[in-house]
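Each structure below appears as structure tokens.
Consider the two complexes below, in which subunit A is the common component and subunit B and subunit C are the respective partners.
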Partner chain A sequence: MKRYLILEDGTVFPGEGFGSSIITTGQLVISNNRTGIEQSVTDPNTEGQIIAFTIPSVGSSGINRDFYESINSQCKGVVIGSSSLSTVDSSVSFEDWITGLKIPGIKGVDVRALSKHISEHGEMKASIMDTHDEHAIDQIKALVLPPDLVKRVSTRQSYPNPNMGLKIVIVDLGLKYSILRQLSYRDCNSIIVNYNSTAEEIENLHPDGIIFSNGPGDPQDIPNAIKTIQILQKKHPVLGIGLGNLLIALANDCKIEKLKEPHHESSLAVKEVASGKIDFVNHNHSYTLDQKYIGSSDFIVTNICVADGTIEGIRHEYLPIMGVLFEPEAAPGPTDGYYVFDEFIDLIESVKKQEGARDQWN
Partner chain B sequence: MELNDIHTILIIGPTTSDKNVDLSTALYDTVDILHQLGYKTWIIVEDPTLLLSSGVFFDRTIVEKVTGDNVLKFVQKFHPDAILPIVGDRNALGIISSLNGKIGTTRVLGATYAASLATFKRELFIKRLNKANLPVINFISSDDETEIYDFIRSIGFPIIARRRYSNRHSSGWTNINNLFELDNFMALEDIDDTKIEIERSIRGFSEYSFTIVRDRFDNSSLIGTIEDIEPIGIHHLDSNLISPAISLNDSKLQRLRNYSIKLARAFNIVGVCTVHFAYNHVTNECFITEFIPRLSEETKFLEYATSYPVATAVVELCLGYHLDKLQLDAGNPFNGATEPFVDHITSRFPQWETDEQKYLGPSKTSNSSIVVNGFSLEEVLNKGALNDKLNNNFDRYNKLRKLDDDELFEKIIHPTNWMLDVLLEAMRRNFEKPVLSEITGINLPYLATLQNIIDNSLIIREGEIDGNNVERMVEMGVKGVGHSKLLLDSSDIVTKSVVKSKRAISVANNKYDSHNYFVTSGITNELELSDRKKIVVRTPIITSKTDIMIRQFVLFQLVKSIDQNGLEPIIVGREPWNAPLAMRQKVIEIDDPHMEMKALKLIPDDSILNIIDLSKNLIDSGDDRVFQFSPQEIKNIDLTGDTSLRVMVITDGNNFLAPSVIFRTKKDNHLYEVSSVNNFMTAKDRAEVAQLIKEELADEKKVAIYNFEMVENNNHWLVTKKYRGMTNDIIRHELASSVHVLDTLVKLLLGNKIDEDLPLEKVFNNFDEDYLLTIDDKRYKLLDKTGIIDSLSDLRDHGKQKNHH
Partner chain C sequence: MAKEIIDGQTMTRALTRITYEIIERNKGIDDLVLVGIKTRGVFVAHRIESRLKQLENIKIPVAELDITPYRDDKTHDEKDITNIKAEPLNIDINNKHVILTDDVLYTGRTIRAAMDALMSAGRPKKISLAVLVDRGHRELPIRADFVGKNIPTSQKEKIKVSMKEIDGEDKIEIE
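Up next is the complex of A and B:
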């Protein structure tokens, strides 16, 4: 069935529809992920987004339920160039999978031209529709995307991920399962709480450390979380990942800005400033920290993106706060960033040691 | 940050073996960047024509057999600071492993001793990998029967086995599937004087290769992945290759990536390393089968596929540069810390010289390859392996269609180079895909792709084409210009045939532009042309090593000259040509496997000034702008003599130049050939040769290149062969001639004229300082002026004495 991907600015990309046949509208994001279709489609960060995958022959490697990053799919639509009709491990084919998830898809799109258009004109809204008349374009322009993306993906009720190690409270702004996987691997006893939890509620859980997870949308849409960080960061070690990192920056009078070329790529180099060590990690963010404000703040830049010099990691000069904009849990992408979790655990342990020493002194 | 104790580098060049991969572009890039960064480069090479240039870059060119003894001799004599083996193919690694402990403080760049040795010694390879906890197939080499049976009990069947004799030779591998076959194998020969080597069989596993670059600070980047359509058991270069590897999911990809990096670390390889994997998608077992710590067919292919400047990056890494601080040329930075992400598929299809079916196995049988690009598997298969213009597939279909099911099945069980065609026919007959996949070891996505191709091509054959499915055909690469044109009627898109860039897409290096393109389908054109007038160079498919060398050399010189003359060079060919990096910014290269650029008018026709066509048969001989470059035989007299001249002539249709004359003579049963003898010809010879040329060119009124062979007969020269166009002698002519014929050709095509009434000294003018002496067409020597005068007089005297007798 002939369908059209229509951008907010009126540009039309024809293709062939598959999956659900409903009309869908969302923020169009170009994903340069090499692998990990399952992760991307189920990543809560993609809430409200139409994802255009630039990889060719999507789905040849098969679909694996174990790679899901949340229970359900999150994105509003998928755009691809070509897909594979069969899979190497005889699992369900990509198109059947998308149909099963009831997501609309469009294939046979010139994704190269689409990605070029987006990099020239910036990220914008888009629709997958059956027609491409002026009326349709007006409809997209008029539509306001909901600002409560985090609310939609955050857990409503707190739940534990029990283990025997350090107690970590994770504020769920759009938590990926792989963060939990990494923490479980390090024996962390985690409790996952709603994004709107107050500082008091979190403190009552007696955390050893707090993680503000990654998530979708603009951090300025969730001012409560910023206030929570301002209170908690003075008392507990804090790690911010992605959106969490942006919130930490905002809580400390720094500013953020939208990237001219957003990072949606599963393998992009990040350099550790102190050692010069280069790691390839998964990026999925459209915002970054404004360099002007970081310079005069109490943060030290720990990681930068080799490609465009974007700040990718910060650490507070004297408080136990650290943050990374990239996704250290990978999923998809190289596993070079796992060390961030180890560093956070080291940070917690050193804080505990200092507290222990202080207690003895008192 | 680079190593600062290195100033002079001895490069181990390639041998002349036909089995070698052509790395001439990589070699050129390597030397070019070394030169620009201020290093002194020496090279040992067997055939100086492989260097693509007249050797100006090299501070010392040693033309000798590339052997361990010779390398050692030169290291001891000249004391280079370092040896660079990465462009010397497998032979260079052998040489490095033989130099262990013999070269004092001279560094080896790129591949360490251990790495070089481990590419040859299986035991060392396995030991090192086991130590690094990397997955490797267990192996035993023993003459003890109990030990062998114990080992097999521990690994189970199937296995492969071979005998290694005391003279270090070995038998071929034998497949053994059960105890009965093993007993037979063991009973075959007395075990006393042989060792038996046994490995677990991994036949039918999928094959992948990962190439990483690594700097000396332990930063690594995966620059590409390749997968073989055919399984393990068929030689990698006889398989159809696909890049990137599309059948690996994230966890498999990261696992293999981590293994590759770990392996490079285990051998401390600084530079490049390609690691081959065998992967079983059913059991998720994976083994490292080999690794290649040098530039190779894989790196060349990845450079085609992603435009990542592999050769340049690798040599800088070897010299200690930081991965993210490389240079494309002196002063032009390049961020090597990128894992090139491509949104298209690049495929390498092997080619065989003859059309008959060849059984495929562990040893290589193909003669060359073709690389194509596309946005789907269907597209690359239709453009490459199933492209009738390249492989005569229609003929194959007709033959296969006559087979009955049993005969076809027989062909599926015993893989030949027709495998994809065979499977296509099997798909047409609705054979079960899972069964076929199990028998052939070819993964299901490829079989589904073949099914899709055959289903759609049946639509064409049955004449059920309409606007909708034509569009699909074009997307699938089933093109001929006819089909694409039908799209003009489609309301959505004017035409779907467009030209797209081959560069990797990423936030990284988005300022690094390369002008490599391919014709494909889509809605926007990416071809960016300047407003300069254009000369289009059309290249044919090539099948032999000599052809490759000539093409590399001619294209490079042509492109350089077109650019220097203020025009825009455009190379259009059925398969890609990667220009040396220094030229890549200046030339537009377009892969056009269906040759449709012209018909679809993808380059504005009025901007094309000339077309230089390197193919043997012109498709548009009516077009005045077309210059046919390949030789057309005009005269061939069967007269042989001991002494002959080969004269290359270029004419503007009125006057001519003869800047290169090669002298050939026989002496003591050897054939000697001396370049640029025009500098040393007698006045009488010159006058006589010039007169002969004048007579032969009497009818020529256009710009043309001619090649003559003149044989000495009774103290006079006789024209025995005459070709219009360029013969294979071009490299020797051009290497020898400082008046560059290709450059002169471009100038004449632009309308310049050769001066009237030039004195003969000017007609034969040539300012060369290096001269090439070739013995028996395979041994080469570079001589200076005195050297050449001595050997010439020696050869001439010999000739005269012989005549006298």
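Up next is the complex of A and C:
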């Protein structure tokens, strides 16, 4: 069935539909992921997004249904060049899998031209439709994307992920399961709470450390979380990942800016400033921290992106606050970033030791 | 048989964390100086110094300290305290916050000797201690402020720290 990918600026890419046949609209993002497509499609950060994969043939390495990052698929649509019909070891092909998830897809699109167009003109809204007349284009132009993305993906009810170690409260802004996997691996006794939880509610859980997870959309749409951080950061170690890191910056009078070329790539080099070590990590963010404000703030820059010099990690000079914009939990992508979780646990332990020493002497 | 308990990557991370902790606990690092105890403590000092430079763009003075004349394993008769010929420190430590660095903290006797050496070179405002490994079994009331890794050991065991600068690779072994 012939379908069309229509961009906000009126550009039309014809292709062939697969998966669900509904009309869909969302923020179009270009992803350079080659593997881990399952993880990208089920990542809560892709809520409200139509993902265009630039890899020429999607799914040739198989679809692994054990690699989910959430229970329900999150993205609004997929755009691909072509896909492998059969795979060596997998019982399900990419297209059958997308059909099963009831996600609308379009194939046969010139993803190379699409990618160049977006990198020239910036990220924009897009729609997968059956027609491409003026009426359809007017519709997408007029459409306002809902700003409640975090609300839609955050857990409504708190739930535990019990273990015997440190008590970590995770504020779910679009939590990927791999963050929980990494915490479980480190014996953390975690409790996951709604994005709108107040500082008081979180304090009542008596956390050793608090994580603000990654998530979709603009951090300025969730001002309550910023206030919560301002209260909590004075008393507890805080780790921000992705959206969580942006919130930490906003809570401390730093500004954020939209990246001209957003980072949606499963393997992009990041340098650890202190040691000069290079890590290949998964990125999925459209915003970054404004360099001008970081200089005069109490933050030090701990990680930068090698390709374009954007800030990828910060740490407070004297409060136990740290954050990274990339995704240390990987999934998809290489696992170089796992050390961020070790660093956060070291930070908690060091705060506990200091507190212990104070109690002893006073 | 020697068994590797810490690899190069973990050692790198430990040094980075010590650097972050030094920044966090000092609220500004203007009056810091690093003094490394020969041999591997000097490399620890230089690695922390290069990290501070990358992060804060401040060059911290680094000195090497030879504690041999101050050791307490000579008898009192052998040692003539009034006639110690110490190598001079090449930096001013008066009124500075000295961070003493070493690879392994064990009985604490080396650190005591190092403090004697420092005191004879000037009057620091404060002395802190940063070590890569704390293996316990102190014989003196000494405690490290910054510890890379606590490794509980028995006194029969040996801890061997290797560093790239002198041993070709970063690792810590126990045997």
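By our rule, the second predicted complex is superposed on the first by the 362 of 362 C-alpha atoms of A that agree within 3 Å, B and C clash if a C-alpha of one lies under 4 Å from a C-alpha of the other, contacts with A are read in each partner's own complex, and residues count from 1 in each chain.
Basically, a residue touches a chain if its C-beta (ideal position, glycine included) is under 8 Å from a C-beta of that chain, and two chains touch if they have at least 3 such contacts.
Being a predicted model, the structure only gives us computed values, none of them experimental.
Look at A:D346: by the touch rule set out above, it reaches subunit C but stays clear of subunit B.
Once the two complexes are laid over each other on the shared chain, residue contacts for A:P334 go to subunit B alone; subunit C is not touched. In the superposition on chain A, A:A113 makes contact with subunit B only, while subunit C stays out of contact range. In the superposition on chain A, A:G276 contacts both subunit B and subunit C. Residue contacts after overlaying the shared chain place A:N163 against neither subunit B nor subunit C.
When the two structures are aligned on the shared chain, A:S184 is found in touch with neither subunit B nor subunit C. In the superposed model, A:S286 lies in contact with neither subunit B nor subunit C. Contacts of A:I300 after superposition: subunit C is touched, whereas subunit B is not reached. Of the two partners subunit B and subunit C, more subunit A residues are in touch with B. In the superposed pair of complexes, A:E317 makes contact with subunit C only, with no contact to subunit B. Residues common to the contacts of subunit A with subunit B and with subunit C across the two structures: 276-277.
Those residues of subunit C whose C-beta lies close enough to touch subunit A in the complex are 9, 12-13, 15-17, 19-21, 23-25, 27, 51, 54-56.
Of all residues in subunit A, only 2, 13-14, 32, 34-36, 38-39, 54-57, 60-62, 64, 67, 81-82, 84-90, 108, 110-113, 115-116, 261, 263, 265-269, 271, 276-278, 280, 305-308, 330-335 touch subunit B in the complex they form. Looking at the complex, you find that subunit A touches subunit C at residues 272-277, 300-302, 315-320, 339, 342-343, 346, 350.
The part of subunit B that touches subunit A in the complex is made up of residues 206, 217-219, 221-222, 244, 246-254, 257-258, 281-282, 322-324, 335, 337-339, 341, 343-345, 374-379, 433-434, 443-445, 447-449, 451-452, 468, 472, 475, 492-493, 500, 505-510, 521-524, 526.
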